[in-house]
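What follows is subunit A paired twice: with subunit B in the first complex and subunit C in the second.
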Partner chain A sequence: MHTEHTIETSAERQNRHKAMEAIAVLNSLKEDFKSPIRSMGYFYDLFEKVYCHHQPLHEGKAKIGTMCIQIPSEIIYALDAVPIRLCNGFYTDDEIGGDLLPQKSCPLVKATVGWFASDNFSDKPDITFSPTTCDQKTKAGAIIESFGHTVIDVGFPRTKESEESCHYWRESVKSFAVKLSKFQGKKLTRSNLESAIKKVGYAQSLYHKLTEFRKNKAVPILGVDMFLVTNAFFFDKIDEWISAVEKLVSELEQRANDGVNVAGKASPRIVYTGSPPIFPNYKIPLIIEQSDAIIVADETCSSNRMFNDMVAVDEWNLYDMIDSVSDKYLKACTCPIFTQNDDRIRRIIQLVRSYNGDGVIYQAFAGCQVYEMEQRSVLAAMEREGIPILYIESDYSPSQHGQLTTRVEAFIESLKNRKRMKK
Partner chain B sequence: MTKNKFSLRRAVNNMNLVRFRFWFQIVAFALIVYGGYIGLDLGDKLPTFACVFNSEGTGGKCYVGELQHDLKHPLEGFVGFAGYAFLISLGMFAVWFWVLNKGWCGFVCPLGTMQDWLTMAREKTKIRYSEYSWANRGKIKSIKYILLILLLLLPVMIANSVFGLPKLPNGLSMPFCDICPGRMMIPAFTGDFNQFYIDFSSKTDIVMTTIGMIMTGLFLVGSFIKKRFFCYFCPMAALQYVFSKPALLKLYKDGSKCTKCGDCYRACDMDILEIADDVTSKNLVTEDCTLCLKCVAACPEDGCLEANFMGATIFESTKEGFLVRMAMDQNKENHAH
Partner chain C sequence: MRYFVGIDIGSTAIKISVTDENKNLVGHKISASGSMFYKYAQEALAELLKELGIDEREVVYTVATGYGRKLFKEADENISEITANAIGAQQAAKSYGNIKTIINIGGQDSKAISLDAEGNVVNFAMNDRCAAGTGKFLDVVAMNLEIGVDELSAYHFKSVGTPLSISSTCAVFAESEIIGLLGNNHSVEDIVSGVHYSIAKRIVKLVKRVGVKENVYFDGGPALNDGLVNAIENELGHKIFVPEYPQITTSYGAAVLACDAFLSESAS
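== the complex of A and B ==
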């Protein structure tokens, strides 16, 4: 018998490895926890489709890559294109990117660069806009461009309090809108921008409804599931996402009425902050929730920061809508790339208070300098407020699992003790 | 979440403030500008521009006019009874003012309302509003106080020789009224255009009435391109602010709930930065605030900003109210697939 042997190409191997990473996390989400949510099925399937089966979602549509949350999706939707956020959580891609960037770079940036280097996308961005946020993202844009992709820098200020910054960013957004409009051959109008702002606003309002349930004593949804839902917004069709989350909201409402709790009675309630958990790098959130704690809120750019603050328009004319959108992406942002960041600290404290958090877990990617540098000030602020906090550094590698679990478990145990003492 | 329970509080917090204010201002405008025709007389201590030159229509009189008149007396006269009378007048003004605080500016003042109408006209024409640079915004704050001091001082200097200086000519007896755009604009709404003139009877009158004409022109052009242009310079606002602390209506902020998103600042016609950036003060009625409450309506955080009357919350920011006002509470294009 003669059997045909084919040698796996590097792209196939990459896809296989990524599928393995993805399915491991998805299975864990589906099977490791009690009281699964029916309407989460949409999201599990979506991630499986895209990351295990490499299925494109947006055939026939212009896909606009964005390197950070600061590129206004409202303008992209208004111009009839799809924003694809390219922040990447795959270890497979991180390893590819590792060969192209300095050793101590941030795994997220390495993974994004690795993704472009392999040029292996299910939905390949036609053009990518890169806001000049942190050093590594900023420099990554040029590296990605050298692979033959179209990357356009969008100047982003690193202070947000000053008038100059405000004007600079408004001009940046305007020029982004002009470039995209040219690229799309479509005009940005009062009506298409208005409906895009309202649609994104509605999507945000759904996120707010979801988070409202997490204030309950019996929390009806896991933090990891929430991360998956918000993560889907990076690349999903917005209308599909909206109807899936609508279903999720009504199921959670039912669960809240029935008093369904995905955690234990004494499970400490955690506020998660730091470098963004991006699928499938849910390493730390999974450890937390597998160690009998529950994430009730987060302050990260893959979730809360993306949805929390809303665009408010005073005069629904193009001039005011564009400025409103710009201001929201600058002024409300709690990214650690800014010189001062009292707002981030205040946000964390506010989340702990309103979600009745027992402690904060602050995770920074090794190599994510800005989060590493802000660690001291956040720790000091939490100490002042009497909020227990654990700071951990991690990366995308599967290797430190045992060590991280020990630290997280110890912290959660101490929170449980604290809770008991309070009683 | 479908909350079935209807509550008045929820209805108020979800209200369309723009529409509410629009109609409230029209009613207030009618009472102040035309109230006299139905016999309304709210007295002459009003903390708003109810113009005395609109003699038949006005439903009351502006205290700034009265104040200038009162001050034009020899200082000796203020010792004793006249002094008490003056203080009682001032007290009456304060009592009127305390009811609405700066809300007189945002909801009642006919000049303010006219400016809002001009803003609406500009919005319809899709012309962008202009803004001051932050530095200039800071600098012009003092102009209203300078105008206030002048309007207080000039009448005194007509009747008295201050620091041995010669007495001022009588043409300066109502110095602010001479240059106030209200003197021309408000009677114009009752068909009386007689205030549009330059008085050639004396040099002082020529100068003052000419400035008045220029001010009215500036008022019309300025408030078309800059929201509430005149309010930045209004000496009435300066006088009011002196009495603002004990007022009954307040704008309160809970800084711990503020994310500094700046939505309130964007909505503010007076470009008051503190409304977004001050996260420690409770009372946010600042010197230029008109208590129009647009900031409360634009705030997406539950209970971060509120209008408070004598300790009771009457209108507060809520997530739901924000979404309703921004028309983000439902998906308009759900039929897409």
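== the complex of A and C ==
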């Protein structure tokens, strides 16, 4: 018999949708693969806590939203606030944002806008800084502001070779530091910035330790697990992240000694590049690793690009430190928004060489213009180098799963054949 | 007495409704379509009339509907199940309010119908692919979980974890997904609520194609499943009305139409 039910509010519905997306991916990570890693439990629990149970992590702390990778987290930590990176991987939010942006927009940007439109956060940023990187993110900042949230633009140059752009960016970062310091009512000092740089640097060094193990013939950690670990850095408490990764490093050390391999004997080794896989949009990485290949390295801004390059300080005085921090976010960046981007191609080739990659998979989000445009030069470069590459365009919708799987499987099989022929 | 019969021959079941001259439902019957629609429909009608103590000659007008309607040659008229569903819903929900949107989930298809203020069909949408997310699908799910279809609702409300989404609503692929989930010791409750939400999301997408206007009416066999009702309400964000006998709305609509047709014929 039909009874009266309480009906979810739209926020409850959105939370349930996100929980359902999240749990499906977490279950896949936990259950679909052999030799699970014990210390990954911290990360599985963290994502479940935040995205299935919507529990806040940073109550009582100032939370600083960042719209892109370029906002220096060193300065945020130095001023005793928490950076929350707002790049969003949820299809639920993408659908909400889809009503507000042109249809062919990037799903990541739509998801971020949808997140603010629904104003449903477990850790809502108090203020957001938006670097003027790609067109869509730049414009999204203004849309988010129209919802009544404070968004401050941080000018970012589209070229990185010239002295002028280096100078422009250093000034932008200084002005960001001044604004944030005012907002926080706290001074940026030599000592608080130095310790923040060292802490973030230490987190980066742990990441480097993790990636070293992936050079081994027997790979002790899945690419999807690595994406989860780096993704946690978007929002986790940095000290807890550090201690969880320390445990992970020592477990991987043990696994490397024991020769544990999460992949198969003939699994092709993949270098992943393109639009960032952000939880729970691990669609393509999951398909790759469920199709008997292993991601050994990546060139994406949700992972490698976030950790690869360290801040190089000459003199530990305040202004030198700020400039060094700025330079890390400009010179080392391989984002396709730049006019020329040979650095990115060099980085991919270098990753293929040093991680002994068999092929590259390049995903562009449909609607992410710069990645779509740059595929041409990357594909041509890979062809010159004799590196097989598969280019895939996809979005956050779960609908084309079957077709994508077929394409990825065929590519992986061709890599296996190639390997066999070489022998 | 004069009686009117509406007979809805669907893919899974034959539904018969009998009304009096005031369009009140006097009796109904639901039986399996099986392999011989025509024969079973005749038998079911004869049985129902016998149960109700109605002589065959008292039945003055019969309307057939449903996708097997053309096989029932004794009918005075036949109409599409869309029209019959709209008429039946309006009449069945009379005391509740004006129905503007109908969600119907049948044995092997699902539809959304949008009505104007007079109860005329202005738009409708049907599922375009196979039996995804229909009654048949629920049968397969219940079978895989080794529970009865009528138990699904109770399991749904007992779910305390996150509903586990089934990415495939194809009955064949979903079967392997469910077996996978069971193999990993996930709770049957969370699987059931996940299945309900997967169907609900799909049907709400369909409804949005025709536009959601209140009041919303939900019928077809799966509307007996209160867990599914709740899932659709949550996806839609508002209440839906489920009639007392959700399976027979369409046949009831056909009977109401039979009554109208007879009265207008005898008036002219």
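Methods note: the second predicted complex is superposed on the first by the 419 of 423 C-alpha atoms of A that agree within 3 Å, B and C clash if a C-alpha of one lies under 4 Å from a C-alpha of the other, contacts with A are read in each partner's own complex, and residues count from 1 in each chain.
Keep this in mind: a contact is a pair of C-beta atoms (placed from the backbone, for glycine too) under 8 Å apart; a residue touches a chain by one contact, two chains touch by 3 or more.
Nothing here was measured: the structure is a model prediction, and the numbers come from that model.
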item	value
Contacts of A:Arg353 with subunit B and subunit C, given as first, second, both or neither	first
Touched partner set for A:Ser205, first subunit B, second subunit C, both or neither	first
Partner chain(s) touched by A:His401 [first = subunit B, second = subunit C, both, neither]	second
First, second, both or neither for A:Cys52, with subunit B first and subunit C second	second
Dominant toucher of subunit A (residue count), subunit B or subunit C	B
Touching partner for A:Ile23 - first (subunit B), second (subunit C), both, neither	second
Touching partner for A:Glu31 - first (subunit B), second (subunit C), both, neither	second
Subunit B versus subunit C as contact partner of A:Lys187, first or second or both or neither	neither
Touching partner for A:Arg13 - first (subunit B), second (subunit C), both, neither	second
Partner chain(s) touched by A:Val313 [first = subunit B, second = subunit C, both, neither]	first
Where subunit A meets both subunit C and subunit B, residue numbers	none
Complex contact set, residues of subunit A against subunit C	1-3, 5, 7-8, 10, 12-13, 16, 19-24, 27, 31, 52, 398, 401
Residue numbers on subunit B that touch subunit A, as the complex places them	1, 123, 126, 128-129, 133-134, 256-263, 266-267, 276-277, 279, 294, 298, 300, 319, 322-323, 326-334, 336-337
Residue ranges of subunit A in contact with subunit B within the complex	161, 163, 190, 195, 198-199, 201-202, 204-205, 208-209, 212, 239, 242-243, 249, 253, 308-315, 317-320, 323-324, 327-328, 331-332, 334, 343, 346-347, 349-350, 353
Partner subunit A, residues of subunit C touching it in the complex	161-165, 167, 181, 184, 186, 194, 197, 226, 229-230, 233-235, 237-239, 242
